[in-house]
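Notes follow the structure.
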Amino acid sequence: MEWRQDTVRLAPKPRGFHLVTDQILERGPRLEDFQTGLLHVFIRHTSASLTINENAAPAVRGDMERHFNEMVPENQPYYQHTVEGPDDMPAHIKASLLDTSLSVPLQDGQPAFGTWQGIYLNEHRDNGGARSVVVTAYGETA
Amino acid sequence: MEWRQDTVRLAPKPRGFHLVTDQILERGPRLEDFQTGLLHVFIRHTSASLTINENAAPAVRGDMERHFNEMVPENQPYYQHTVEGPDDMPAHIKASLLDTSLSVPLQDGQPAFGTWQGIYLNEHRDNGGARSVVVTAYGETA
Amino acid sequence: MEWRQDTVRLAPKPRGFHLVTDQILERGPRLEDFQTGLLHVFIRHTSASLTINENAAPAVRGDMERHFNEMVPENQPYYQHTVEGPDDMPAHIKASLLDTSLSVPLQDGQPAFGTWQGIYLNEHRDNGGARSVVVTAYGETA
């Protein structure tokens, strides 16, 4: 049984949904010798989030941003938490609708993603700055 | 410390929310001898998803489908990812609103579900085909 | 490798989003000697849920409740599961939009929360009663 844990700092990104699978896998713990285990990714913020979705067509990521802006509009009359700007409260709501953590099985040294799956960092603020994720791999090693 | 991992193929289902607890538990790894641990279920797709919800009244599953179709309608004017049909982009959004993976505590050889909890496979495509889930159980065995 | 698991009963709360980090950490398993691991929290209900969000401004929790009531209104004409009252079917939908389980990395004996992160119990029923969560900590101990 082996545990590995690293913190990965992701450079500031514009508001929207971004594919970050490669950055996470290259800069997180080494996975090659996990025969059976799990990969866990945790974002240490409440106005950005993670999700797993389509890793190919960029239009999917644009449509995600456009639809979440419809489902969670800025400037709703019932928002009371408005001091940090119109994008702040929607960012908190989107973060809870999406995910703070992801976990993916490890099989034969690799995450068992389906063909079309990738990890998204979802930046919900207009100027969110760098984001920090904790990447933990654990399981049986060869 | 013990790890067990199996891939379970779920036969094609119509669009909607389906109770699959029994299929997952019968066809996934043996759980009886885990004293303390976790059961992890991961779906290897981006247009179908998992969730835990009410395991009795079928109307709950119908209402889930009807409400998600209201929250994430087809043919929105801002969708750009339209080549795979009107049900495709909503399927991706629904998959991120719901879950790609679930985890449930194992206690005395069984998942610690509440009385009314069951695992749903949520098929968001009109013709999604078979779906593959990776089921991982890990923990202390007797 | 160490496993610890406790069930924590949370007293009845009014409908809305409630910060419960301290209750969970004080009444769940002891964490101080986990060097590297994970903390897992699972709610055994389908009409209440968990999420991680802002731990300071109470207005965030009020805005969450108000926005989820807009996104998932009561008395929709397409709801068929109505026997348990107008708040019941929306509660099931909100529970699936939010989370049944959370997991947070353990580092040097503490959950690796970001500065502003806390655990919410989201009570979606008007009179939900007490809620039970299973708290599991596992990892390498010093």
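As written, the chains take the letters A, B and C, and residue 1 is the first residue of each chain.
Keep in mind that, in the parts below, a residue touches a chain if its C-beta (ideal position, glycine included) is under 8 Å from a C-beta of that chain, and two chains touch if they have at least 3 such contacts.
Keep in mind the model is a prediction, meaning the values are calculated, not measured.
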Same-residue or different-residue interface between chain B and chain C, half as cut-off: different
Rotation in the CA alignment of chain A with chain B, degrees, nearest 5: 120
Geometric centre distance via CA averages, chain C-chain B, whole Å: 19
Numbers and ranges of chain A residues touching at least 2 other chains: 1, 71, 97, 103
Of chain B, residues touching chain A in the complex: 1, 3-5, 40, 42-46, 71-72, 76, 78-81, 89, 92-93, 95-97, 99-101, 103, 132, 134, 136, 138
Residues of chain C defined as touching chain A within the complex: 1, 36-38, 51-54, 57, 59-60, 62-64, 66-67, 70-71, 97-98, 102-105, 107, 112-114, 116-117, 120, 139-140
